[in-house]
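Below is one structure; the comments refer to it alone.
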């Protein structure tokens, strides 16, 4: 008879990773209209493009894509059992690019390659860098990104690997943004989209207070996180922490903030890339999340009527009308939950 | 640099409305099978027609419509950011008529026209009357209704508009009910529908205690309200009220009561019109909602085997077996949450 | 005027049942992709076959089936208003067999036949045995099962029926398992499925601790139970019990445990039959559910590359690493919520 848990997956520890290692993550996942509906029930999203098949067709996209973050969460969730089940912390993302929009019926699978390793000086953990790629049923890349996590060692005596740090860009170059085939904002319907603000109306340095707040609940974040097949225990199991609280998946905060950003950024219809992301403080049920944005950069892109904005999206616990990212000490201000740097496509 | 919130929508105030004003509301919305499933998860609905594509086809409707209230909530939700974001109170509905049933794949957009204005004597707010029309991607009317809301003034010194009160019918005339093309109840399957009661079995004045109760929770009403892209802050933000409670969207109570009414009205398969509706008391998480109905009127309609019942649907906090609508003082009895007057189609 | 509640269904009492009685249950239900998405939001399921249309096609199943338990819950829910609305307790299941997999677009209807009756010696209740069959829109059987429930008598003076006990098999014979048409595991993708364990790797008597836990919430179990149109009051109404708690539908625990069993049984892609099931203790919001499995039997089946495992699936409140089913006294150990005996198909 086998031992009791020999068949269960305990996840990888730091010493299980090696440079160049390729991991094919389990459970390909077909995206459906049910995902779109649930996303709309869980986040207050009102962007016209993923809401309306007619609007999507009017800008050259047919069938109607789902929100990019649905694809992101699904693709990311697949990596959790192999990469971050024993993570101490998710340290960052970089170079995330969306390719052709994901539509219902697409099946996503994710593969990761280990591109960097660095054992911590305490010998008890280390940082693993992976580059992950999600492909659809035709083998086309849907999105790709780099990520690094701090992972426990199983055996503190295991030897340290050679330190290799990958060369990651601080942001995706505007010229490298993938433009969905057929995207054309020349006949863009601003009334349907909800706001008149075009590319030229946004100024680098401008900050936008998105005003609205949403109070978080446990059932909602658990439903979202399960939908993405993310298995990290702390999100679901009140016995996993001494305080009996369930830590909310950082991606839940990303989606909440992105949806709240509609109010002021209604024309930011498509996310093109994520340059960097930091979950700066944990979130729990009962917290009320607000968001503000800062325009970091602007770029012309080679699609009719389309421009790109590079934005900082900040989620906060409680509203901060001063929109303060960092205190005098250079540390994130109290209440900042998320600092996300990303590119969107807007009408010119 | 723009000021911080110049791009966010603060909603319209009383003085922003003018007679004849037409507002094209944002975010057209494609209805999907995901909406049907979520509706079934959020409300205990068991009506055979929207539950079963086979049943729908057997009464002449193919593809299978979604519940009329899904279309209502979506169409209504679109008006909130423009009409009622600064509302003191939703005062009433009238003349709501459903046209051809909404099916998955339909995209709904809503337009409103201001048909009446009356400043309150306190000079701080006023009543705005709008007639709203939701159309599908083919430009066909899906539903239309009148609604009036009390809205704050931004500037109490702003001059009062001329008072214009629209002429609204106390109820939709039976002859004006729209009959879905092809509707035919001659081969109606009473076993599949769940009850034997036909048009002739219902008597004007009859009251039906629907018996069952549902205890409300915050995550459920927030998910529902988001699904309809309704943005009213009080439903989502526990910091919006001094007591930290989230006010439940009145439409959540309508859908809950309608679903509970299955028990005794299982054959009320389609809602044809809403004559009037009053949300008589706020509802919060923890309240247990029950419902009872009164038959107000009956009418023959020009479709094979089809009759129309005019019903009063009353939702209560706690069960009231006495089914008391109003006290001796003429005011709504304590615990009454909703008084809805509507028309349904039933088999003859 | 009719009396107040003459049209509402009070459910059947023990004396309403008679041997050979056939009940056509109400509300046929079309399964959709929305059900698949909601199931994935409510349960941490990661089985590749129902998750991925590509994986399903790769093992001969197209279109992609939904999880068998979706079909089970829907089919079972239909019987509740007629069979168990006045139940004291659900006593057991037997001989549950799944036939061809259910796919989105299928419409399920359920019929039950009374196959046994036994009044309790106290004269206040009795046990009703029914055999239920769910069929699709083509009249093909989707699943069938026997179930027995203890039901209140309306009138304690009503005469006892003749006692008839049906002959129910302790388990479905392996030779009677229905193999889905076309099922072929010869090209099974173990990497996509997530684990390498094949039929031959499982040993009779082996126990598997599925490790992960999920803390239950009221909104989630209510949404699930409503989705299946199960109307049992105790699940929804906090006023139905003196302690104000909502009893969680036993099927919610079955689905939660089945999903948790992925970790160690990732290749148990299809449920073929349920031999027996006991809900040994009630579950409530706040409980954290864990699961373990025991291999009870193995069988070869007549499909390429396919084997069958007979498993015991045990759900517990709190993790029991000792995986103890019963105490020295032969009674279920404290914390055991579910003891389910079922057959699955795995790759050889």
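Order of writing sets the labels: A, B and C. Residues in every chain begin at 1.
Just so we're on the same page, a contact is a pair of C-beta atoms (placed from the backbone, for glycine too) under 8 Å apart; a residue touches a chain by one contact, two chains touch by 3 or more.
Each chain and its UniProt protein: A, B, C = MaoC family dehydratase.
Because the structure is predicted, anything quoted here is derived from the model rather than measured.
Q: Edges wherever two chains touch, nodes for the chains themselves; is that graph a line, a ring, a star, complete, or other here?
A: Per interface graph, the chains form a complete graph.
Q: Pick same or different for copies chain B (MaoC family dehydratase) and chain C (MaoC family dehydratase), depending on whether their interface residues overlap by over half.
A: Different, since most residue numbers here occur in only one copy.
Q: How many degrees of rotation map chain A (MaoC family dehydratase) onto its copy chain B (MaoC family dehydratase) on CA atoms, rounded to the nearest 5?
A: Rotation angle between the two copies comes out at 120 degrees.
Q: As a quick test, compute the distance in whole Å between the mean CA positions of chain B (MaoC family dehydratase) and chain C (MaoC family dehydratase).
A: Using C-alpha averages as centres, the distance is 36 Å.
Q: Going by the touch rule set out above, which residues of chain C (MaoC family dehydratase) reach two or more other chains?
A: In chain C (MaoC family dehydratase), 32-35, 37-38, 217-219 touch at least two other chains.
Q: List the residues on chain C (MaoC family dehydratase) that touch chain A (MaoC family dehydratase) in their complex, please.
A: 32-38, 40-48, 51-55, 64, 191-195, 197, 201, 203, 205-215, 217-220, 263-266, 286, 288, 318-319, 321, 323
Q: Going by the contact rule set out above, which residues of chain A (MaoC family dehydratase) touch chain C (MaoC family dehydratase) in the complex?
A: 1-2, 4-5, 7-10, 24, 26-30, 32-35, 37-38, 81, 104-105, 107, 109, 137, 217-219, 222-224, 226-227, 229, 231, 233, 236-240, 246
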